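Chain naming follows the written order as A, B, C and D, and within any one chain the residues start at number 1.
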Amino acid sequence: MAEYIIKNGHVFDPVQGIKGDKADVAIKDGKIVAKAGSGAKVIDAKGKTVMAGGVEIHAHIAGPKVNVGRIYRPEDKLFTYTPTKGNQRMGGGNSIPTTFKTGYLYAKMGYTTAMEAAMPPLFSRHVHEEIRDTPIIDEGAYPVLGNNWFVMEYIKNNEVENTAAYIAWLLRATKGYAIKSVNPGGTEAWAWGLNCLSIHDPVPYFDITPAEITKGLIEANEFLGLPHSLHIHPNNLGNPGNYTTTLDTLKLAEGYKAKNKFGREQVMHLTHTQFHSYGGDNWANFESKAKEVMDYVNKAKNITIDTGNVTLDETTTMTADGPFEHHLTELNHLKWANVDVELETAAGVVPYIYSPTISVCAIQWAIGLELALMAKDPMRCFITTDHPNAGPFTRYPRVIKWLMSAKAREIQINAFKHKDKVLSQSSIGTQDREISLYELAQMTRAGPAKALGLSNMIGGLKPGMDADVVVYDFSPDKPVANPDQIEAAFSKAAHVFKSGVEVVTNGEIVNNGNKRTIWVNAKVKENPQVMRDINEKFLKYYSVSQANYESLGHHFIPNPYAIEVDATQ
Amino acid sequence: MAIINLNLISGRSIQQGVAIEGGKEKPAYRTACGIIELDPSDLKKLGAWKNTNVKVTSDYGSVVVKAIETTQGPHPGLGFIPMGPWANSVINPNTYSTGMPTFKGVPVKVEVAINEPILLGIELVQKQCGVKVG
Amino acid sequence: MTKTVTDVVCPFCGTLCDDLEVVVSDDGKHLTEVYNACVIGTEKFLHSQAKDRITRPRLRQEDGSWKEISYDEAAEYTAKMLAKAKKPLMYGWSSTNCEAQSMGHEIAEMVCACVDNTAAVCHGTTLIAVQDIGIPSCTLGEIKNRADRILFWGCNPAHAHPRHMSRYSIFPRGFFTGKGQKSRKMIVVDPRVTDTAKLADVHLQIEQGRDYELLNAFRVALNNEWLPDVVAGIPAEKIREAANLCKSGRFGIIFFGMGVTQTLSKNHNIDEAIALTKHLNEFTKFSIMPMRGHYNVTGSGEVLGWQFGFPYSVDLTRGFARYNPGDTSTIDLLARGEVDAFFTIASDPGAHFPISRVKQIAKLPSVCIDPHQTPTSGVSKLHVPVAFAGIEVGGNAYRMDNVPIDLRKVVDPPAGMLTDEEFLTKVRDRVKQLKGLA
Amino acid sequence: MKNPPALYLEADNVAPDKFAGKNASQIADLHVHEGNTTSTLGKYFEVSGTAGATAAETRVIVKGDVKKVKYLGMKMSAGELVVEGSTDQYTGAWMTGGNILVKGNVEAFAALAMKGGELVIEGNAGNYLGAAYRGDWRGMSGGKIFVKGNAGSDVGMYMLGGEIVINGNVDVHVMTHAEGGKVIIKGNAKSKLGGQLVDGTIIVFGSIDVMMPGFKPAGIVELEVEGAKAKFAHYIGDTGERKKKRKGQIVYGNLYQKA
């Protein structure tokens, strides 16, 4: 494997506390090393910014609902295609790109790891096939468990150990990474056309509440000591006034402490917080409650969040929150896809246009930015667009521009049709903070890596870590004349190394890399009761056999990377 | 000899399913799909016994099949040929720019053709395509 | 001595039953018995053992006779045909695994071909409708556990999907449907009194070709609006009763088949059926699902979807993917004389296309990859027999509800026979050389 | 046209916008595609004359047999395109302005998602005239299409605005899913008119084989259509479809048939 030395760049590495000083980064055998050999290839990063590869903690990029989006939106591909080029496959699509294009576009922006945020367990084979066909980036997937029949029954009976044993079996069967909970209880209710809008709404038949499910999942997660925490999409997404439900959900984590060997400190990750920080009681008096939410998050050290920034694009919403997507299609009358998954979950898909001429969309844009700008600890607040829900991940450079430049925000605010409404319903006009490159590295690298329990491996440039390194053609010491320079620099990285292989040069793909599928292998004590329960449900209620549910051969995951967890003690 | 006009549909039948897996070169395929299922009243109009060979003709072609009495009737005025080369010799290929031919709802005329043979599946296609077989 | 392989997946229809048990000889070379499968599935497994099976590629000679050739020679012929063509069409894919489909797509991308699967003549119009208004659906286990209203519209599972009603839709006792069939009301819409219709609580014997009107009438009834006395041969009162029966359920499902996809209005029939389903969700919970035919046509759509963004009828000729049935769809490409080479795999257009289109295939340079002799092999220049996917090789497949199930290998193929994926890999490698990419 | 293609020709560069500011030899160098091969306009066409400085000042005349040429006038925004024969698919697709005159017939998908300008077809039009691209809910939103002959199926699917006038007959499905615009049919229609229509107007002078059940009789009205006054039977619908409101009033689509 080639050795590299990246010289004279301005290095930003929260893991080592390096804040833009000129330093060299050496790469050998896929790892960062203290010193490279004399034969190392030299990359001149003078006047450029050097960071670890970006870490995506929440995006919908592989699996059944993503592919429903691709398949049912030919118009999303119109005039968007990049042709086959050398060893690079053709790719197309705007809000839901093909798998090849997805891998290439993440790499071009300097991202080297991404997590698929919602894997329906029954469809794990599909998720892994798409992950296999997404080049370059390492990926993992979160199985959704917040409406799972086993989980709800065990938690109802306060059987933490059985909940944990079932989850360990499921992570193995589906090669999953973490516990995801989407609209806990509400999606099971949706199977009857109903929903749970507060954390105390009882789930039909199962006679349990979202609050109980959430606490039960936190307990199971810490019982197992998984690398990531419970990753939750709370109830009541997208509705005016929902911030109280969000605060209620966050408070469920009080009193819990992280138990794991991975350096993770949070017990709950609250995702796409923008969609959960709304005030008002209708669309007319809709307003931002970002401050109320961030005041709590800033205090609660055992919580991390990601933003879910609205990018003001035409996009495709998709979530396991089935009732929400039905609600949305009733609002915008655009095509609605829904899939209810036996014993497990559901998913919905609806196209959506975040128009700068609609005040609600503009206020949503403001809320996403407020969250990041109000974050006191950038190691606990991460930048996402909940791709593709609030906007395509390809807009990260634009979100970064808005966060790093008050001027860029001002230009956008002035461009809104309902500027005054945006200013009166949010505090965006009074936010003068500009996120620094170091804070950016925390919010997009070191922070998400730590929250995922991967801080010893990615998100930093410390010798011994994976050599995922990015060089951006952006000079920290030159003043930014035009904020668009920021967007341009972060759109096409000058160099990207993934596990020590140079995959991007001057914004172009040069190598398909050696992507890995990361999953968690959690060992628990023998648990005959849980195995009997699993066996019984497959005999009676599933439509596939247990043996076929568990079959996930090498052709699905050619290059697995298992993280071992031992919960037998 | 009587000629009757019918609305023709094609589609699946379990015998057709078994036959395509059993081998399309075999006579069993012809037995399963080289037929037209008619309502008893239409058989009567046609003046034909069950299981006589008939010639089915549409604007798009014609084919000889065995007329049998339907087991999934009554459906007077409607003829059913299981999907396969025999049906496809007469169905309407128009797609209305959707990519899909009009396999169902094709006006046909049916007449008795006792002395005309019903070809085997592969033979029927090769013959109409003028494929030289050695 | 024999051994029994369990949890075998049936590679026939989109129901993708995965509870088969197959008895094989100790050396794993022959299968002797099949349990739990329907008659069609059983026949597929048993016929794979036929003594007269063709086991080597055959090239048609001037005099019309076949000449046996090697797989390498066959790969050479196929690669040259595809590499030389200006607009080759690679059709089929529905009766093989997703791994073979992926390999085929690599070839198609290199030779800039059109790629299409059997949805073209089956549920393609369903896919068009889904693109126009979406689709609220669910997995088959949901039907089993919850559904109390079952509509079969223009489909006849008793014949086309023989175990569908017993495994998923009518008879099983699920979590919330403990009384099995008694828990459910069954409505069938079909111009014939099909063997499925005979089991129904309500059969609407519709005037053939008027599904769009009848579906529209259901929605008019839901809105309590004025209706003509008779629509599509069905009296207005019966339509209102049926609409109310749907509304009164807790969880309903519409299954539909080629009776609507291949009938006048085609995609519009499905479009209105989906609109009706969405409409019913204002009153209760309702889903809709196409009764997909080939066991892995759904998989072909999924793989095309994530690799190119479209589920069928994909045109890669200009180095990027385009899609528009009517232009890029197989039947129209043939009708309009747009393609100059025809490649078939894992399907039988010769038997299932209108004869006028088969005549066009016969005029083109052609290759047919299929375990069976078929009308397609009968009009092709080269026939490449391969191992049976799902019997002699595993790989992934997608059920009609998009649930992926890993096929199981039960026996070895006859000595020296290649699988679809193995043969396509040879072709891919040769095309690479011809295109100077290797 | 000097060398007709063996297959079909994709000539999306034949539009005033693409020709503007070019001389004959520069125009002859523009790309065309036959299957997976790329060559130049000059290989297939004799090119003469010089384009104007802008699209608006450019008039393109296409002579000879172009029955197998696709995408003529695609995305054109101004100027003029005259085709003396018949064209294949996508004639004037995604056009936003200017004028296209086709003296023969056009195949399917002409004026797909048209936004503005005018398309005149002296012969017959194929299917999906002035319709939306697959999956898109934004069909023809402006401009005018005039067909002297007949039109195929799916005229004006997902239409939002603009006007289509057909002198002859139409095949099944007119203005499906439309939310605006107007289609005038001087000849006869078959069936499935206005299915899932939310808003918009269909006017038929001839016969209609089968009316959609979602269209409710609403009396006789006198209308002035293209300068001529006449009595029409009025139907409103699709009553099965979702309804939108304007100023508190429920909006229906309108279908008028000459009494």
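Simple rule for what comes next: contacts are C-beta pairs under 8 Å (C-beta built on N, C-alpha and C of every residue); 3 or more make two chains touch, one makes a residue touch a chain.
Here the structure is a predicted model, which means the values were calculated and not measured.
Distance from each chain's C-alpha mean to the overall C-alpha mean is smallest for C. Looking at C-D and B-C, the interface holding more C-beta pairs in contact is that of B-C. Centroid to centroid, with C-alpha atoms defining each point, chain A and chain C lie 35 Å apart. Centre-to-centre, using mean CA coordinates, chain B is 22 Å away from chain C.
Centres computed as Cα averages put chain A at a distance of 44 Å from chain D. Looking at chain C, residues 128, 131-133, 264, 318-319, 323-327 sit in touch with two or more other chains. In chain B, the residues that touch at least two other chains are 96-97. In chain D, the positions touching at least two other chains are 108-109, 127-128, 133-135, 137, 172. If touching chains are joined by edges, the resulting network of the protein chains shown has some other shape, matching none of path, cycle, star or complete graph.
Pairwise chain contacts in this structure: A-C, A-D, B-C, B-D, C-D. Taken together, the chain D residues at the contact with chain A in this complex read 133-137, 242. Remark: chain A residues 62, 64, 66-67, 70-74, 76-77, 81-84, 89-90, 92-93, 96-100, 122-123, 125-126, 129-130, 133, 191-193, 205, 326, 329, 335-343, 346, 349-350, 540-545, 547-548, 551-553, 555-556 touch chain C in the complex. Contact residues of chain A toward chain D in the complex are 72-76, 78, 333-335.
Within the complex formed with chain A, the residues of chain C that make contact are 6-7, 9, 18-19, 98-99, 102, 109-110, 127, 130-142, 144-146, 167-168, 174-176, 250-251, 278, 281, 284-285, 287, 301-303, 305-311, 316, 318-321, 323-324, 394-396, 398, 402-406.
Taken together, the chain D residues at the contact with chain C in this complex read 6-8, 10, 33-37, 89-90, 108-109, 127-128, 133-135, 137, 158, 172-173, 176-177, 191-192, 195-196, 210-214, 216, 238-241.
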